[in-house]
Structures are given as structure tokens and as C-alpha cells.
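Below you'll find the structure I mean.
To keep things simple, chains are lettered A, B, C, D, E, F, G and H as they appear, and every chain counts its residues starting from 1.
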Amino acid sequence: MKERELHQLLDLVRLGALPPDRAVARLKHLPFEDLGFAKVDHHRSLRQGYAEVIFGKGKTPGQVAEIVKSMLRHKASRQNILINPSVKSSAKFHALSGVITVERSREITGKGQIFVVSAGTSDIPVAEEALLTARMMGNRADPLYDVGVAGIHRLLEHREKLAAARVIICVAGMEGALPSVVGGLVGVPVIAVPTSTGYGASFGGVAALLGMLNSCASNVTVVNIDNGFGAACVASCINRL
Amino acid sequence: MKERELHQLLDLVRLGALPPDRAVARLKHLPFEDLGFAKVDHHRSLRQGYAEVIFGKGKTPGQVAEIVKSMLRHKASRQNILINPSVKSSAKFHALSGVITVERSREITGKGQIFVVSAGTSDIPVAEEALLTARMMGNRADPLYDVGVAGIHRLLEHREKLAAARVIICVAGMEGALPSVVGGLVGVPVIAVPTSTGYGASFGGVAALLGMLNSCASNVTVVNIDNGFGAACVASCINRL
Amino acid sequence: MKERELHQLLDLVRLGALPPDRAVARLKHLPFEDLGFAKVDHHRSLRQGYAEVIFGKGKTPGQVAEIVKSMLRHKASRQNILINPSVKSSAKFHALSGVITVERSREITGKGQIFVVSAGTSDIPVAEEALLTARMMGNRADPLYDVGVAGIHRLLEHREKLAAARVIICVAGMEGALPSVVGGLVGVPVIAVPTSTGYGASFGGVAALLGMLNSCASNVTVVNIDNGFGAACVASCINRL
Amino acid sequence: MKERELHQLLDLVRLGALPPDRAVARLKHLPFEDLGFAKVDHHRSLRQGYAEVIFGKGKTPGQVAEIVKSMLRHKASRQNILINPSVKSSAKFHALSGVITVERSREITGKGQIFVVSAGTSDIPVAEEALLTARMMGNRADPLYDVGVAGIHRLLEHREKLAAARVIICVAGMEGALPSVVGGLVGVPVIAVPTSTGYGASFGGVAALLGMLNSCASNVTVVNIDNGFGAACVASCINRL
Amino acid sequence: MKERELHQLLDLVRLGALPPDRAVARLKHLPFEDLGFAKVDHHRSLRQGYAEVIFGKGKTPGQVAEIVKSMLRHKASRQNILINPSVKSSAKFHALSGVITVERSREITGKGQIFVVSAGTSDIPVAEEALLTARMMGNRADPLYDVGVAGIHRLLEHREKLAAARVIICVAGMEGALPSVVGGLVGVPVIAVPTSTGYGASFGGVAALLGMLNSCASNVTVVNIDNGFGAACVASCINRL
Amino acid sequence: MKERELHQLLDLVRLGALPPDRAVARLKHLPFEDLGFAKVDHHRSLRQGYAEVIFGKGKTPGQVAEIVKSMLRHKASRQNILINPSVKSSAKFHALSGVITVERSREITGKGQIFVVSAGTSDIPVAEEALLTARMMGNRADPLYDVGVAGIHRLLEHREKLAAARVIICVAGMEGALPSVVGGLVGVPVIAVPTSTGYGASFGGVAALLGMLNSCASNVTVVNIDNGFGAACVASCINRL
Amino acid sequence: MKERELHQLLDLVRLGALPPDRAVARLKHLPFEDLGFAKVDHHRSLRQGYAEVIFGKGKTPGQVAEIVKSMLRHKASRQNILINPSVKSSAKFHALSGVITVERSREITGKGQIFVVSAGTSDIPVAEEALLTARMMGNRADPLYDVGVAGIHRLLEHREKLAAARVIICVAGMEGALPSVVGGLVGVPVIAVPTSTGYGASFGGVAALLGMLNSCASNVTVVNIDNGFGAACVASCINRL
Amino acid sequence: MKERELHQLLDLVRLGALPPDRAVARLKHLPFEDLGFAKVDHHRSLRQGYAEVIFGKGKTPGQVAEIVKSMLRHKASRQNILINPSVKSSAKFHALSGVITVERSREITGKGQIFVVSAGTSDIPVAEEALLTARMMGNRADPLYDVGVAGIHRLLEHREKLAAARVIICVAGMEGALPSVVGGLVGVPVIAVPTSTGYGASFGGVAALLGMLNSCASNVTVVNIDNGFGAACVASCINRL
């Protein structure tokens, strides 16, 4: 339920078209629906501007399916459409990042451009997760891959491109130095995503994480290791301001 | 040197009021000035929208003084004013956070309101550093302190206030849970600052840092432990978008 | 052997119905029975109020089987029943938590209500292990799942329910903030169970563990990561006081 | 404000002795009082059964004093007594643990006996903090010190004493093995407190903390390193059930 | 080559039965034989009193086979026997510990009794590795398993047995408290072996390792996690003194 | 593109054989070629003296193939040869280290001898990776394996050999002590490579890494765990000086 | 109380010279004496062959004094001597290691020679603590200092000396490689003591500790960081076998 | 003793000017001189090309003085000069890095130029230690300070300078990204020195250390945190090749 829909509902009340107690019931119902094992939070799209996302790891396929059905039912009832068999076919699996998307709108709601910059070919799965998420949330988002700091000229060639971004997502493993360099080149927020790319003393992304937390560029913030999704959420959240 | 000033300089060139080679000399000079031990980066205010900030730790007082003088000289020459003895008296020491400020403008350039929310009384030094920094960078910034999650009603009373913010800085030590709760209540970016408040298994802020990196609220990003300054930089950077 | 049975045995001695040396032999035998690789501690149910539980990991199936047989034999001789083939069919496998139970009594010995509260769908396996264990130990125990702190209203709706509990088990992964919030809402002991749910900087449950150890709510104690069983033991132990 | 007092207040309302709006104002005021830097939570004694405790570390002496004054004022107004000069003299400093207590009642509200068991002489500061806290919260609490596991006979001599406890607080540094042994001897909850006693690979209490989290006794829960206060809170909370 | 054999060789030289240069050649050859990928150290049995042991992990089966052949060839030539097909059948695989032994002598060279004490059933694989190794090195070695500290009476029943040992190997996972208790009961050296038994905060044996390093019993030393072999080597080395 | 080739190209320009704009186009093209997911850095062989190496982990086979093709195409065009089917058959897989090499020149460009010294048989895979890399980069490189510090005579026998080296690569797992001993024997740079060989408290190579970083020999530097490739790069880089 | 004294006491009983109940009282009294804050364990010298040692850190001077007085009183009463003023003057402070000794016997009870080998000058405080402790416990003990592995010839010169030892204590900081080399040279037990000597990645002795735990020499065991005392206890315990 | 001196000595023997046994005595004496607490290694300058350096931390001033005297005496006897009172005045204390130097020769023995590059003003103490050490060891060494990666243009301005170096020492704290960028710009070895500059998640230099170990530039090796001395030793060792 987008904010606009909520305003419509309250206008209906104001105009007498919806009895207050019906409105109350509906609003009270909204916060979450109890499925026993999961309380689907239909309100979140109102509060945070995007639909519930399901983090599959640790949930059974059955649980995921139940949650998806509940989420679509509500959207459906709001939009007077039926959940038809085409839903399944509308789901798309993205092999590189392992993301499944069900796109229900192509409206662009973000005000500017988001760039997803990545350091190495191995970081692409996480970068793709960020890119897809940003797009699904209504942003213009473009990739700029394999511009690691050990070949600094590759990055510098794209300086102008970067300067046009409103938010930058910077994905890097190993020493995680890319956000510091990128952060120094631009004046917009840089969301740094450490990846678990690497071996030995990279400790599954810890080296990159620490590098980013200690970034000497002051426009850099950090999300969890491999959390391309979270980076895109924040970037999208900023891009709607 | 603000972006506007750069445009003025180039306009002077276009209008013939400034010979190109004088302009080149001046621009070439700008990037940094070599003091031997430190290259003052006068360009950064152009690229990132705020003047160079000096991180005192690890620098000798003499080095700090040299850098400050260099920074003020340049600003001065740009503004046709002399560095007069009043500079010293214009510096203000903030005991709680240990910050020294030299305020040269009270212009508000941030578009919205920044809230600095903190979990406990002991987190206030870091929160104050963030608050001061945000204000020095031209933002309306207000505190909301001592609203830890173990007394959740204290936080919920301020729900409306929080809803009015454009960016929220969330400062917390110990388990660092505050950003998750705050993040769930609002739809704007939350910059989480772990503090070294605590003892034993807080490991100097590591517990809070990990808690924040694993936040289940998707609009939360994280900066280094006790880095109130960095959080305010990012918040300010977002608030200018 | 429950405490009551021990009193009966000693009464038999007092009444002359059991020759002292027979009693001694039996008591001396009780503490543990030597199976070579494992000393089954038949006394523990006396000391701690519940039967021996077998932690399967690291034991061969054969060893587990031997220990179970020894445990049932003793119980059996106490209750003058034979180990009949129905034992196998009385064993029940709980898929979600991987627990096998052999229920031999449905007596409720706990004085109050135990609530098992969990933060996310992914924490349910550990929560279920706690729930099952609490019930097997003779407690009224109920679940309250998926009430994470990023949607605080979900939890607050159940405030009254929580207030009715005598002990609360709080299961959470990621930042592990739930026990702090729950602990602040109630006046009874909260047993916090960190789970290995999460990725990256959750470090297999370490982030949640540290968060809980640093809880700002003072009625929270912590058990090992994923130790739903241990949490239920302590909760049961408290609930019998 | 004890629960009883709240009932009295509501009875006054029921009997017409207190106008409802006066009652509302008073209740509304209660949750916390805003001191700017700290929101004193007067409601906590209602919810959790004991008065606010001030954790001094990280607060300035002035802040501590303000908070204490606010806390005493409220208690005072509830009890129609003035804050007289004797308050200062009623404060008592306990050198061993560094605790300051202001005892306002000697009522015993805990149902049973709490034992504070400690492993070595060096653990006594933390053990004393636990002992004092437990007593201030209305419990009968007694010490049993220097009964480390490397001289197991010292502990076993006190077996009967331990068996009489309703809750046991177990304080130990170094390898932190004491709670496992004590836990195996009794059937009541054992709250384990790791201490930072030790050197080298004790890592400031981490070795003891890990030992306790991995305890093979299933009636053991753990609090933060050196957190004698927290252990006593939980023990007191259990002892009131 | 046992020390005795070396003396015999030198006696042969003294008696004129072996030309010095033949002796030199043989001695010079002894230190190690170059197989390209591995230098078999035939001298080690002289220096440290036991034959070379092959640590299989990280070596290919072919490499292991080459090393074994080289080792047996030398022993064989010393003992005027051929490497006959029975060698293969003389190798014995011990399923519990994964050890392969080729026993070539049953001589007891250790002066006293070695006990291998273990805390839980799950620690048995490591305990068995220690037991087998101690026996292969010519010691009388016996097991005492499943005597964990949470059921301290199990251990105390064997107090006399333990008192008869000359060296004790103590194998424990989880909190690793057993060596402290055992060390306090006896006056002989205790070699502590942490095991990776456990889960969560046991961190693959780190909790047990730290517990043992911080043991409050002063006759305890520690070897690497799961290193039953190493513990037996040291125990054997001590038992030959 | 070797430096020599660049000089040839510029000479062609000087001599008028190559129009400047053709030269510019070619040079501008050189830095990297955009494959979308990877920017192949053809300039690196110029800057650092060896061709791009592809780190396979985290790349799909398809991506690896694309990159190889791009790399060979450029070399090919420079050398007026076609990419013929024989390329595939010229690739060689080295089972021990998992390296694939395509050797295109056997020219020796390194000035001296590189020795790859390893501590145990289990370290050979990493040592072989270093050896192969050093050879592929045009160095005379020889192995000296299984000379661990617990049999110091094995190493000392090769003292003269080591003295002849210009650079030494020292590969060791477990306690990682070999580089300290080797470093003390020679006057040339020693590149230490920790390996993940070991178990328990070796923590996947961390023990060896820390040992090497703390080496008391002052001619030792360290690369990442298992990074035989990197060690050979540095060694080669030094050997060309 | 030495074992011999206990036998004498029991002989007195057998001979009728000591009434059994007097003996019982005395024996029952022996295990420990309750000082409130510390239970002095007079039995330990019986069980483990040496008098109680007081670890000063974390105890107040007053507590230390009380414990010393209690210990001397018992020894005194056993030996029919008074605690005279000379006790104080008999105490000796060793500046290098910070140890205070009160020598009451110069009897040599250890069977062989103990060597304390140390790697660097900075390790001497810990080495001295071990040396003094070994001597106080009745052993012939000699130092061999500054024989680090980066100058291996220094160590090899003393090879024969080392071969004469019955137990070796090996003290080393930084990479902690010395025990591996020493262990490979001898056939007797080597007790490794990591020291906190070093900086940066030595992490206060952790690097040395890990190095020693991963020693490739199989006659090496390890004690806690800087625990010279513990190493000497174990060495003494072995040397009495 | 430089290598040249050793050749001279052997030539004297060849020419009959020095009786062989006198030569033997002198050579045998050389390896180290026993001061009891420290074995001064006079041979090291032969083996590694530079005089013994004393690491002061953990040594008493008296020990340092003894070692210095021994070192100077030997040099003196070789050069037929007396240790005169001027030695003390020739010692120079460098405040920034805390280094004391006694310069005895200004001969340049290094073949090329060493650059010491540092990221921030706070890294200068470590950088200065490296610079001084490199110069004392006979190298031309120059600083290039405050060229951190967040202002990449500062570094790029010095690209040509860097290209002229034979070895580069790269000193950086915080995220430690500088060596990766520098390494990508040049074709010579880069010795990376992490510094303990920073706070919070820099963990005393660990973040920088990990960043450098994971550098994506393949000509980078690493030394211990703050080990400017070690970096200069290796750089000098390479520069003499």
C-alpha cells in the first residue's frame, strides 16, 4: 500500500464514502497478517516506500510460497485484480545473483541516477543483486564494473559518468579500497558493500568490511558483507528524498 | 571554495576580467598546498561541499596549527579579508565532544531536518560530535537523547518528531539495537554510529557495530565506531541532495 | 528417578520393607551405569528434575541407541513395565527442529506459562527446539513468532500476552535486539538465544550473541548460539521454582 | 513506584478521592521525566520490580547527581517526605566493588536464598557487586568465595549449603569452569558471571565467557563479563517469582 | 633406528667388524632420505625415541605410500627381513579415530601408566587417537571416558585410579573444564587436548582451548585442538624419562 | 605488450612509418578493453612486466574464456599470428597446484636464481603455484621442499644452495617458522607465504601468517595465505631489478 | 605438608602415639582454612608436591599478607617453630621478574636438569620467573638466553648442553618458533611459554601462542602467555617423576 | 664486519700474513659474544649486509648500553680506533620516530632510489622510522607524504617521481588502500607497512594490515603493523641486489 492509497482511503472517509468503522477495521488489519510462522508486514511499503522483500535463506520453500501468496492477495484486492495463473510465469530468476523478481510496475520514482560500481569480475553477483533491487524499487540504475584500484586509470576514465550520479553503490572484496577512491572523486553519498570475494586473510569479507569502515573518504557508509540488497534499499531510500 | 565561487572565477575568465593564465595558475594551485608533512586539499570543499576538517589525533599541535593557518589563508584571500587576531577568539571548544569549531557562516544549505538520536547518556559525546558537525555543515539538526530500546515507550513518544526528519543519525553502544527500531519506524535513511560505550563483551564497540551491520531494517547504513563526525558528513551530504 | 520415588524407597527402608543393603546397592548403582563409552547419569533427573537428554551430534547412531536402551530400562524397572516394541513407534521425529522425542508423561509440573518469542521466520528451528523441550519437561509453552524489532508494532500488539508469562525465551539472529525490547516490556526473566541466522558480519550468530550479552535490559541472560534446548532447560528449571 | 502504590492510586480514583484527570496527569507524567540528557524511567520499578539503577561509567558526576535528585524527588513526593540533608549521609560507598548504595527499605521481597559463589580471591569485586545488588533488591544473599575447581574438595564441602539456594550466582575468571561444576550439583538456576580476572589468553574474560556459554550443565545461563549487577538483577527477578 | 642399534653399530666399528668409512656412509645416509617431495627423517626415532609418523591430511595417497615404503625399507634392512606382502595385511585401520597402524613391536618402554580421560562421548575419536598412539609408542595406556564436570561424582569415583597414573591425557570439548578438575586431584603432569566438539560459541574448539590455557591447576599444559596424537607423543616422551 | 614493443611503436611514429593519430588510437585503446563484465588491462604487462593473470575463483568459465580470448587476440595482433586451434592444446593443467598455463615464450628475463623453499609435504600445492608462476614470468626457479624447522639439519644441509639465490620464496603452514630461520641464513629478500595447512589453532593459516608477520629476521616480508602466485610476482619483480 | 609428614602422622596413629580423633581433627582441618575471602589450600603441597603460591594480581596487599601468614603459621606449627620477625627479612624481591620468594629449604628434589631457553633479551622477565620458580621447587635449573631462530648458529652451539636436560622450558615472543627448533633437537619434553613481547600483529602474545600450538615438533606442549610460573610447575612436576 | 673485510682477512691467511690458527680464533669468536643476557651477533652484518640493530622495547637501558658497547668495541678493533668519548655525542635522537642513530659511515651502497610514501600526517612517525633506517643502511631515500587515496589527484601528480624509484615503501593506516593504488602505478616492489593510526574498527592497524594482505596489486608484500624499520631493511636488502 503506497502512501497515496492511504490518502485516498482517508479522503473517502472525509467525504463520507467509507464508514469510519470500516476504515478502522481495514487499517487495523493492515499492519500485519498472521500466518502463524510469519507476520506479513503490509504496512512497510507505506513506511519505507517499497513492498516486502522475502529473504529466502532459512525459510522453507513452503513458507516462502505462503508469504508470497499473502503479499500478492493484498496487493490484488487493492487493485481489483485476481491472482491469476500468470503470476508464476511473471516471476523471473536471475542466475548471476540468484534473485527472483516479480515486477508489477515499471514506474520510475527515484529522482536521480544510481551507479553500481564494482571492483572485480568476482564481485558481480553482489553488484547485480544491488542493481536489480535498485531497478525493482523504481530507480534508474546502471553498472560500472571491474574498475579496481590497482588499475586506477580504468576508474578515472569514468569520472564524468560518476559525477552525474545522485547515489553510488560501491561493491568490492579483497582490500575494499574502491569506496575510498570513488568517495574522494564525488560529492554524493557512497554506499559501500564489502563482498566475500577473496581468500586467506580476506576472512570471507572481513578485510573489505574493515577497510570500508575505516575509509578516509567522509561520504562513505557501509552495509553488511554481500548485502547488495540492503545497499540498494538505502540508495533507493536516498534517491526518493 | 564553494562551487559557486568556481563558476564566478570561470565567468571572470569568459568576460575577460581574468587573464586565462592567471586563472590556470590559481586553479592549478588549488588542489593542494604542500606543507611538507601535509597536503592541504583546498579542492575538497568544491568536490564534497564542505571545508577540510582536521582529525587531530596523531598530529602534533604544531602540525594542526600550520594546517589551520593554510586553510584560513586561502579562504581569506578568496573573500578579501585578512586573517586578524579575532580568529583565535572565534574558535570554540566543545567540552562534551572535544570538538573545536571555527564558524565562518550560519547559512543553512541542507534541505531538511537531521535528527541525532542516542540510546544512553553515555553515548552523548559521540552524538554531540555528530550534532555539531551537522550544524557546522549548514544543516538544521536536533538531538533526541536517551531513548534506548529497553524502555521502548520513550522512543515511541517521539514517533511524530522522527517522521519529520529527512535523515536520522542513530548513536548507540552496547547491543546497538536502536537503529533497527528507529529504522522500522521511518522511511528515511538512518546512519548508524556504534559507540565504544559498554564493557566486557561490548569489545570497545564491536558488539554494537556488528548489531548495526546485521540490522533487520533495510534503510540502515553504518559508519565506524565513535565516528559521529563521519555520520554527520554523510547525513549532510544526503541532506543537500 | 523423580525425587518422590527416592523418598518412597527410603520410606520402604524405614518401614522395614526393604533391607538396607538392598537399598544401598540400588542407590549406589543409580548414579551412573557404565556402558564403556558413556556413563548414563540416572541421577540427574533427581538432581535437576528432568530425564537425561542425548545430544546426538558427535555420537554414532549405535552409541545413541545403547544409551537410550539403558535409560528406558531403568525407567521401566521402576515402573514395572517391559520395554515393548511400541517404544520405537512412540518415538516422534520433529522435522523443523530435528528433535526426536519419546514422551512418557503429560504431567504439567511447571507453575506458569513459558513464551517462546522469535524474531524471524528463519529462527523458527531453534525456537521450535526450545518449545518442544519446554513442553517435554512438563511446562505450558506457547510460541510467538516473527515479531522482529524493525516492525515494533507487531511485538507491541502482544504486550498483554507477554505480561502473562512467567518466563520468556527469546530467540533471535542477526542483530539479536529482540531480548532487549522484550526485556524492557516485562518484569520476568528473559532467556535470550542467539541463532546462527544471517550472513556476512553475523559471523554465525556471534553478532546476535554479543548483542544479547550487552543487552541494556537487566532481566536478560544468554545461552549459547542455537541452544534452544538449553534455554528451555533453564526456563523449565525457573518455572518449577 | 511499587505495583502496590499504583493500585492505591487507582483505588483512590475508584473511590472518588482523586479526580480522574489528576490521575491521568500523574500517570502520564510517570513514565519518564525529561532531564535533557537523560530520561529517568520512573515506571521501571513498576514493570521490573526495582528502582532505577545508574550506571556511572560514561556519565559526568553532574549528570549522575541530576538523575539521582530526580529519582529521589519522585519517591519523596509519593511518600510525603522531604529530601533532607540526611540523603547524602545515607549514601554508602563500598570500596571493594566501587558501588554506592542509598538504602531506603530493608524489606525482604525475594522468596528464597541467593548464593554468590566465586572461584578465586581476584573475582571478589565482581562477586561483591552481585551480592550488594541482590541485597539492595530485597533478597537474602550470602557469599561462598574461593571455591575454584582445581581444589574441588573445597566446593564439595559446601554441597548442602548450595542445595538450599533458590538461585545461584556463579562468578569466575580464567577458564570459567565453576558454573559447570556447580550447575551439576544443584537443580536450581545458575547465573554465570565471567570476570576479567586472568592474563594472556584469558583475553579480558573472553575465555571464561566462552567456557560458560559452552557449559555442559543445562541449568546455566550467562551475563556479560564482570556484570555482577546484571546477574543479581536476574537472580532477584527469578527469586520474586 | 633405536639408540641401542646406534651403539651396536659403533661397537662394531670399535671391534673392527665394520670399516669406518662404511659406518660413515651409513650414518651420513641416515639423517634423511630425499624422495623429492619429502625428506624422510630416519634419525628422528633416535632423537625422539619413536618412529616417523605420517600426517596424512594434505598429502596424496601416492606420497603417503612412498614415504611408508622408504620408512619400512630402512627398518627392514636394519633387521635383515624382507618387505614381504604381509606388510599390507599387518596394517590396521581404526574406524573411530581414522588412524592406520603398522605395529612392529609390542615392547613396553614407558615406565608407568598413562590414562586418557575424556569428558563426553563425542570426544572419543580424539581420545582414541591419543590412546592408540600412546600404545604404539610402547606405553601401558587405558581409557576413562565420559567423566565430564557437570556430573562430578562420575569423575570422583575414579580418583584412586587416576592417582595411579604417571601421566594423564585429558580430552575435552565445550568449556574444556575437565583438565582443571583432574589437575587438582593428582600430582602428575596433565596434557590437555581441546576438541572441536560443540557448536555455536565453542568456535570449533577455541572455547575449550582457551579454558585449558587458563586452567587454574598448575600441572596442566595444552596441545592443539583435536591433537590426540601430539598429546600422546608428549605423554610418551614424559613416560620414558 | 612489453616495454620494448612500446618503444618500437613510438620509433615508428618518429620515423613517419606510423601516422600519429593511428598511434594515438592504438595507445588509447590499450589501457583496457571493455568486455562489459571485465576490463582487460593490456597495459599491465607494460607497467609491471608480465601479462594479465586470471584469478579463476568467483568467475564463471564463460567469463574466463572471454577474458583469455581478448588477451590472446591482442598479443596475436601484435605478433602477426592468428589465434589458431592449437591454443587449446598449448594450455597445460598442473594437477598439484590447479594452475593452467599457456606458455608463449621461454625467454629468461630474471637476473638470478629464485628458490622456493617449503616446510612440509602438505605445503607443496602452494609452493608449486609459486614455482610455476616464477618460471612463467621468465625466472630460473628451483624447489627445495620438506625442510621444516623441527628437523633443522635438513635445512642446514642446503645452506650453500640457499646462499646462491637472489630471492627466496618460503612456503610454510602450521607455526610458519621457516622464513625466520631461512631469513637468518641468507642476505637476500625472503618472501614468506603462509599456507592453510594444519588444523585446530592454525585457523586456516592465521597462525602461520602471524608468525611470519612477527618474524625476527628483518629480511622477511609476507603475502596473503596460500598466495603462491603473489609471492612469485614479487619475487619476479625483484629478480628483474 | 609433604607426603612424608602425612605418613609420619599416620604412623603415630598406628603406634598409639596420636589418638585417632586428634588425627581426624587435624586432617579434617588440613584441606583448607577459611579466611573469609580465601580458602588456603594446605593440602595442595601434599597432592602436587609444592607449597601454595600466591598470584598477587587482583588481590589487595592486605589479602596477600593474610594468606601468607596463614600459610606460614601452618608450616610453623608442623615444625614446632615460631613465626619470628626474621620472616620479613627472609623475603626476597627479584626485580627482573617481579617475583617475591621466601625460601624455606634448599633441598633438591628434582631428578634431572631443567633448562630455561629464551629467544630474545625482552623475553627474560618471563624466563626468569620460570627459572626462579623451578629452583624454588627444588630443581637444578639453568638459563640459556637470547638464542633466537633468526641466528640459528647461536642455538646450535649449545646443542650438547640441551641434550643433557631432562625437561626444557622454552620462552619466546614474536613468532614463537624457538620451541619447534629446540623440540626437533632433543628427545625430552619441551614446555613452550609464549610471551607478550612484540608489537602490532603479535597481538600481545597471540602470534607466539598460535605458533607454539601448531608446532611441528611433537614433544612440545604449551602454557598460557607469559606464564613462566606455570611452565616451571609442570617442568618440576615432570622432573620429580 | 662487511664481506670485504672477511675477504681481506682470508687473503692475509693466503699470503702468510696471518697464521691460520689466529684466523680461526678470530672467526670462531665472531659469530656472537656472550653478554649473559644477550648474544651479540657480530656476524649478521656479514650475512645480511648491515650492522646489528637494537630493538629497545622490553630491554632495560643498562642492557641496551651493554649491547651497544660490545658492538662498537668490535667495530673499533677491526678499524684500529679507540672508543672515545665522542661516541655519546655522535648519537642522535630523532623525536618524530623515537629512533636513536649512531652514524659511522655515509657511504651509499644501495643501487637505486627508495621512496617512502605515506597516506596521512598521522602515519609520519612510522614513515620517518623507515626513512631513517633506509638512509642509515646506505640508501638514497626520500619521503612523499600525505598522498591518501581519498584525494587521488595528490598521488597522481607524483606519478613520474614514483616511476623513478627502485623500491617503494608504502605506509598507511585506516583502510590501508594506498599500496594497492601505488602498486598499480609502478613496476617495482612495494613494501606495505600498516600503521596503528585510526580508531574503532581499525583495531590498532588490523584493518590496514588485512587490506594490504589482500591487495589486488601483485607487487605488494607486507610487514608487521608499525614496522617501519623492517620495511626499510627489506627495501635496503632489495636495493643492494
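The rule we apply is simple: a residue touches a chain if its C-beta (ideal position, glycine included) is under 8 Å from a C-beta of that chain, and two chains touch if they have at least 3 such contacts.
Since the structure is predicted, the reported quantities are computational estimates derived from the model, not experimental observations.
> Common contacts of chain F and chain H?
Chains that touch both chain F and chain H, as defined above, are A, G.
> Give the chains in contact with both chain G and chain H, ordered by label.
Where chain G and chain H share a partner, that partner set is F.
> Comparing centres built from CA atoms, which chain ends up most distant from chain C?
H
> Cα superposition of chain E onto chain F: how big is the rotation, rounded to the nearest 5°?
Result for this pair is 90 degrees.
> Which is it for copies chain B and chain C: same residues on both faces, with over half shared, or different residues?
Both copies, chain B as well as chain C, present the same residues to each other, with over half of the numbers appearing on both sides.
> Averaged over CA atoms, how far is the centre of chain A from the centre of chain E? Could you give it in whole Å?
It comes to 56 Å between the two C-alpha centres.
> Between chain B and chain H, what's the gap in Å when you average each chain's C-alpha atoms?
The computed centroid separation for chain B versus chain H comes out at 40 Å.
> Quick one: which residues in chain H touch 2 or more of the other chains?
120, 151, 184-185, 200-202, 206, 209, 213-214, 218, 224-225
> Judged by the touch rule stated earlier, which pairs of chains are there in contact?
Applying the touch criterion to every chain pair yields A-B, A-C, A-F, A-H, B-C, B-D, B-H, C-D, C-E, D-E, D-G, E-F, E-G, F-G, F-H, G-H.
> Where on chain G is chain H touching in the complex?
120-124, 145-147, 151, 153-154, 157, 197, 199-202
> Can you list the chain B residues touching chain A in their complex?
47-49, 53, 111-112, 166, 184-189, 191, 209, 213-214, 218-225, 229-231, 233-234, 237-238, 241
> Would you pull the chain G residues touching chain F in the complex into a rising list?
Against chain F, the touching part of chain G is residues 119-120, 148-152, 156, 173-177, 180-181, 183-185, 198, 200-203, 206-208, 210-217.
> Considering the complex alone, what residue numbers of chain D touch chain B?
Its residues touching chain B are 31-32, 36-39, 41, 43-44, 55, 57-59, 63, 67, 194, 196, 204-206, 209, 224-227.
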